[in-house]
């Protein structure tokens, strides 16, 4: 970030990956990943699904904990004050669009939660799961960058995990909000990396564990 | 918001104010509000301090609950992984820059908390205080729009309060991130309003209570 | 409570019911309520189920929010460090004993959550639901008094709700721990009442709403 | 625990200590530890202070993270619905009885928090501090066993830490509630150990680290 922010030391201290990663997969439900639905199928989200599938394959092979979520509600009484009628009308338990995209979901491996707010770490038990799994580094994947990814990244930081956001594993309906939000979190809370960085990090962990 | 977002119904459902407001004042500590400090004195933040002072005067007269916070730590062990050396080196208990700006602080009226993450509602007891005060609507003030205001707004929404962000009571080091973040939260989580809207809302409550 | 506690003013200040109750129903899953299961069918729990069913009938008629939970896990990886092999081996998603007892469950009315810790208010979204429903008073029902009821009562207090525990709507495997825990919370956190008290409270609210 | 509980497998699975302990010290403020105050100076609490001082000396030498808390409020508006007038009238910021007992407090080493509810892990940031310090095992010390120690033990378990309660490092106004609560948590959530066990555990960690 140029200008005032850089002059004010924002972004000058990298986080760095830790000893024990965990992955969160945020809202890759069909409503966002399947073009047949009104909020579905944006190119950046499609790219993120494909890359996250590769990341998860490597993670599960290595035994890295994975938490996978969708967002849905019993009815309007339960919802926060969403300003999006498309969310209010379809993010419901019995709606087909809330199913997990099969490309990124392994029911027998992943911790599965249904979240109610933007962040997968808010009131879901995922933080406690990561405590038990001794996770110190959270890798954030999913959508949308300017919505639930932003919220999740903040919560990962606030819970004092090291936080990595692989930019090609998170997606948005549009490119500008995607970039704006990576900019904001990248100078404050998280390292912005990519799929290849994460795969190399896993390979490094694998070799160290094998020694 | 134009483009894909508007077509996808983002922002089409206003929140609206509720029956019992509460105000949060985020990080108006001297480090952000006094030009003598490296992160201090941006014009948008200066404007936000002046307007928030007016808002708080009306709020306290009406008995509206106020929670006021700064951010600081005992030492580096306690901090989340901040990427900003200016924060790491000065947001410390004994540093003069963490004092509350006197223009917005009333020690005998405001609930005072020291937060550790970006959001004033994260692990501070403010949510519980608002539950006891029966608050249903949170008005977000403070700085920075692209940092702790964004985080606070998300948490207010996630805790299922009605959320109002008066745009002239929140500030940032630069204008673009200020606008970008109001855009993101305004189509999802909160109504973007202004000081005059909030003052009229308070006046309306006062008249209803007087009846 | 006699002795030191009473001399030290414990229990001298009643809580009193508020303007807007909500009910939590804790762990009336078949494993605790059906005698065919190893932890099932204790007389105090049976009594609590019968009384809670009456309480819920009145509550639903009046529109009082209800949150109903069971406790179960995907597998041992997800569990906290339970010291009870009966819990570790049967509180699992696919085990028949985790089904809600039909006497106390209304799927279309109750907010339904699966909790992971002892308290129904820990990381479940129920607190946020109650914020949205403007609940100020939590009525605690379920089992066991010396386990999840104790934990829930503490959390209701800590979240700064008014807390009522109708003693004939909570149950335990044995009478002594039941009494001990009502004693502890009754001098600190909650009013110990009974079904009839709650029904009269609801009737009083109904009449006031009708005026 | 005999009777139904033992027959139902309660307490049959020990927790065991983990790789990285942290200590919480709960409410050893003068109001509980100094006989000049109405709630102060019970023999079990005096014993707990003396033993906890020894535990902390060993812990600080080894670099074990310590979180130390008191409980107090700005005024009655901020309090949960305490049923104890002695708490309501004296647990206030400016009251001398809320000072930490100097025997157990090291301001430059311990993370210091002021909690508002019974548990030191509720809304205080201590969980996040322990995440950053990679703690997997929480040792609970302080008072009272039937109040804030019970609450803290539940929260440690719910957050999925391994939990140890050294019984001679926790105290109560009376012996019966002390025993009752150790019984309840010992069959469900935590290993009941003692000071010597913890010192041996620390010594074992020291030797392993030295290798």
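As written, the chain order gives the labels A, B, C and D, with residue 1 at the start of each chain.
The working rule: contacts are C-beta pairs under 8 Å (C-beta built on N, C-alpha and C of every residue); 3 or more make two chains touch, one makes a residue touch a chain.
Since this is a predicted model, take the numbers as computed values, not measurements.
Because subunit C and subunit D carry the same sequence, their contact can be compared by residue number, and over half of the numbers here are used by both.
Judged by contacting C-beta pairs, the busier of the interfaces A-C and B-C is A-C. Mean C-alpha positions place subunit B and subunit C at a centre distance of 35 Å.
Between subunit C and subunit D the centroid-to-centroid distance comes to 25 Å (mean Cα coordinates, whole Å). Centre-to-centre, using mean CA coordinates, subunit A is 34 Å away from subunit C. Along subunit A, residues 80, 116-117, 123, 127-129, 132, 158-160 each make contact with two or more other chains.
Taken as a contact graph, with one node per protein chain and an edge wherever two chains touch, the assembly is complete, since every chain touches every other chain. Within the complex, the subunit C residues that touch subunit D are 3-5, 8-15, 38-39, 42, 80-88, 116-119, 122-123, 146-147, 150-151, 154-155, 157-163, 173-174, 177, 180-181, 183-184, 186-190. Only residues 74, 77-78, 80, 111-112, 116-117, 123-125, 127-129, 132-133 of subunit A touch subunit C when the two sit together in their complex. On the subunit A side of its complex with subunit D, the touching residues are 127-132, 134, 136, 158-161.
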